[in-house]
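What follows is a set of structures for review.
One chain, chain A, links the two complexes that follow: it is found with chain B in the first and with chain C in the second.
Up next is the complex of A and B:
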């Protein structure tokens, strides 16, 4: 769809959000909880915290739930009955809107979508991704952990958003990029005023600290480099980097239940855990934390980009902000680029 | 919408106790085998205990059943181990690439297997034996730690019946019994004693990493096999088998999608991540 541009006052934006909530949309927005900010369901506009740069976690769980039922099973006598878990996913997210998320989080959806659709199609992901409507707000002041610009996005990128809001002089400009976005505002169109692209404030000239292509070219040639073992000696393998990451999608499949019934589930997993690759024989291809963090870097900045386009990272910096050992992936990626 | 994780139920037609802790299970779906190619694998499970990844160990030309061999080790395999004839196993697959027989036709073949690594070798080997006239001399070398650790003991004689086919069974030094009549020695050591030449030959090698390492070295350096004529399989840990769950990659290569079958030449270009 060709992009459309609208203007909306701060007051009307509040009306818009409250109206869609009244019309039974589930609105997920950054909201304060337990002294921190997370994406969560809001029941009125004021509950959204639009001042925070980034909520603690991304909204990945609305595309790839922490735990998802792939199938349910039950036993009666010698017979096993299997119920397809996809049935419960049909129509998921149809009435769900992510409001006030950031461009980095929005960029993660289309990046994961490629993984879930090369060759075999993962309809669990697809159904959720197809239906979720995303209204993001451009960032004005990224912090020192942010590096979306290096990751081919920007604090004002509309990639992955159905609507991108840009704040300017007490009002907002809405860049509508998809039919899904247009359908969302259609019933409330009197709150919006259509405008021309020229009226929308131009993106700032965001500067890059390093070139990610150089990081990749280092990784292309230096699998055995000492840097990995030295730099990640301090890594405690907690996996917080992977759990807070909007694009990390690796999962485990487990059965849980009793002698009568149960379910097969997939759970978020982490390449930072030793058991992730442990063979039955006891052999493990990735023994040290250096091996495991190298895998994370390789997957994000080399393997993914070779298979698809872009990179498996949106530069949100959550892995760095949350790391108990203060491993800053932006610094690491820059180190690698400098060594290339 | 199709759920790619949804298994089919297969019936256990026969269970063969191979060794103290390994079994071969023959399965049928709708009374017969499924379409697969030698080298491919599937996800097998006793529902409720989780899935395990195994390569097929039977020839796809034997249409009455498809089989896999496994060692009872963790939760999922202990579950499968507890099943009886007539019980159901959930199965999804086949996945992955396969041994390309078009590059093997008309050539001498040497099959080298170590321990339970013989399972995928058996599939392609029996496939070639089923179409015996398409190939030159066939040499089968199979070894295990001890006599008690040899799988497929009941069918060694069957392999020997084919024309122009030599079967050599060996056990590691110390693994022999007083009545053992086969060879004693590590697989790569015995391999080097065989009168094999690399020209117009293809070698298929599966087994523990250390065996593969030395067997490949012997084949390349002592016998003059071209790296692209030595074929092996990688057996990384997997969950989905579909290129999504993210754990079986070796560098940029996904064992579940780009493998599990690789030539020695292809392995050479991979980082040391397996």
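Up next is the complex of A and C:
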């Protein structure tokens, strides 16, 4: 779809959000909880915290739940009954809107979509992804952990958003990029005023601190470099980086059940865990935490980009902010670029 | 930023230890990714000792690294610890995970560390409302065991009593079983099973955790009601009588589960029932590692 542009006052934006909530949309927005800000369901506009840069966790769980049932089975005599988990996912997210997320989080969706459709089409992911509507807000002040610009996005990127809101002089401009976005605002179109692209404030000239291509070229040639073992001696393998990451998508398939019934599920998993690559023979190709953190860097900045045209990182900086041992991935990616 | 007197003392001790060959590694703190953050640093050469630093932002419990195979292979290790963290070193010695002979303890007098989410917003002053709850009940501002002690230049933490540490415990104790269940069901619902609590814990050192044992699968793998409750409860039990209260599990938890309410409640109960506090004496036998005839047994009916 060709992009469309609208203007909306702050007051009308509030009305818009309250209206979609009244019309039974589940609106997920950054909201203050437990001393921090998390994405969560809001029941009115005021509950959204739009001043915060980024909630502590991403909204990945709405695309890839932390536990998802793939199938259920039960035995009755000699009969086995199997129920496809996909039935329960049908229509998921049709009435769900992520409101007030940032361009980095929005950018993660299409990046994950590539993985989930590369050879096998993951219908669970696809069903959730195609229905979820994303209304993001452009960032005015990225912090020192942010590096979306280095990761081929920008604080004002509309990539992955159905609607991108840009704040300017007390009002907002809405860049609508998809039919899904247009359908969402259609019933409330009187709150919006269509405008021309030229009226929307131009993106600022965001500066890059390093070139991610250089990070990749270091990784291409230095698998055995001492840097990894030395730098990540401080990694405790907690996996917080991967669990809070909007693009990390590894999962583990498990069966849970008893003699009568059970289910096959997939749970979030992490390359930072020692058992992630432990073979049944007892051999583990990734013995040290240095090996494991290197894998994370390799996957994000090298392996994925060789298969697809993007990197597996949107530069949100969550892994750095949330790392209990203060490992800053931006600093690491820059170190590698500097050594290339 | 320039070195403080504390930093200089610390660097001197580390330099001497490495130069004399008494240790082959010093684990300490260095300046971190922003002015309000510190990070672990591993010093193996005397000339790198200048990286060492200490401040009320030194939140990590570095004893966690003593369980790490990559660190263990250094053999003799020097470690920078606050009073709370040092109790973890003691508990590891008590449980035969490390030998007292192989560790040089550089104890830091500490008047409290600033909660990281507040520090990230710019807070630099140690105050009643800025520090962790563990600091408000701290009885080991000076570590109980050390080879070197560095006294603090920071002002003492002044307590008005207005901030009640671990106030949630009292609330929980007054709840009915159903209410408690509902409270924890809501908290554990947030759990994403990243196991950061386990990894950040200096005393969770099993080379293969029970959740990773799958023949049979003891703990449900799901991250829903059953799996989350089983995980958090089993961890609470494995830490009872052992947790030294460093609070690293709660700090590492990316979804803010108040894990210290469980751990502190367990520690309180263990103290009330057995008169035992973990990590205070390397010669004491771990409370659940010994049987005493005087142990209460009125639960046997």
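Here is the rule we use: the second predicted complex is superposed on the first by the 339 of 340 C-alpha atoms of A that agree within 3 Å, B and C clash if a C-alpha of one lies under 4 Å from a C-alpha of the other, contacts with A are read in each partner's own complex, and residues count from 1 in each chain.
In this section, a residue touches a chain if its C-beta (ideal position, glycine included) is under 8 Å from a C-beta of that chain, and two chains touch if they have at least 3 such contacts.
What you are looking at is a predicted structure, and each value in this text was computed from that prediction instead of being measured.
Of the two partner chains placed by the overlay, only chain C lies in contact with A:321; chain B stays clear of it. After overlaying the two complexes on the shared chain, residue contacts for A:144 are found with chain C alone; chain B is out of touch. When the two structures are aligned on the shared chain, A:37 is found in touch with neither chain B nor chain C.
In the superposed model, A:264 lies in contact with chain B only, and not with chain C.
In the superposition on chain A, A:224 contacts chain B only, with no contact to chain C. Once the two complexes are overlaid on the shared chain, A:67 sits against chain C while remaining clear of chain B. Contacts of A:252 after superposition: both chain B and chain C are touched.
In the superposition on chain A, A:133 contacts neither chain B nor chain C. Of the two partner chains placed around the shared chain by superposition, chain B is the only one that A:299 touches, whereas chain C remains out of contact. Taken together, the two complexes place residues 252, 254 of chain A in contact with chain B and also with chain C.
The touching residues of chain A, counted against chain B in their complex, run 70-71, 73, 75, 78, 80, 82, 84-86, 90, 115-116, 118-124, 127, 223-224, 249-255, 257, 259, 262, 264, 266, 269, 271, 276-281, 283, 285-286, 291, 295, 298-299, 302-303, 306-307.
Looking at the complex, you find that chain B touches chain A at residues 1-7, 9, 45, 47-51, 71, 73-74, 77, 86-88, 90, 208-209, 235-237, 239-240, 242-247, 249-252, 257, 271-274. If you check the complex, the residues on chain C that touch chain A are 32-34, 37-42, 60, 64-65, 68-71, 117, 120, 192-196, 199-200, 208, 212, 217, 220-224, 227, 248, 251-252, 254-256. Within the complex formed with chain C, the residues of chain A that make contact are 33-36, 38, 56-57, 66-67, 144-145, 229-230, 233-234, 236-240, 242-244, 252, 254, 256, 265, 267-268, 270, 273, 275, 288-290, 320-322, 324-328, 331.
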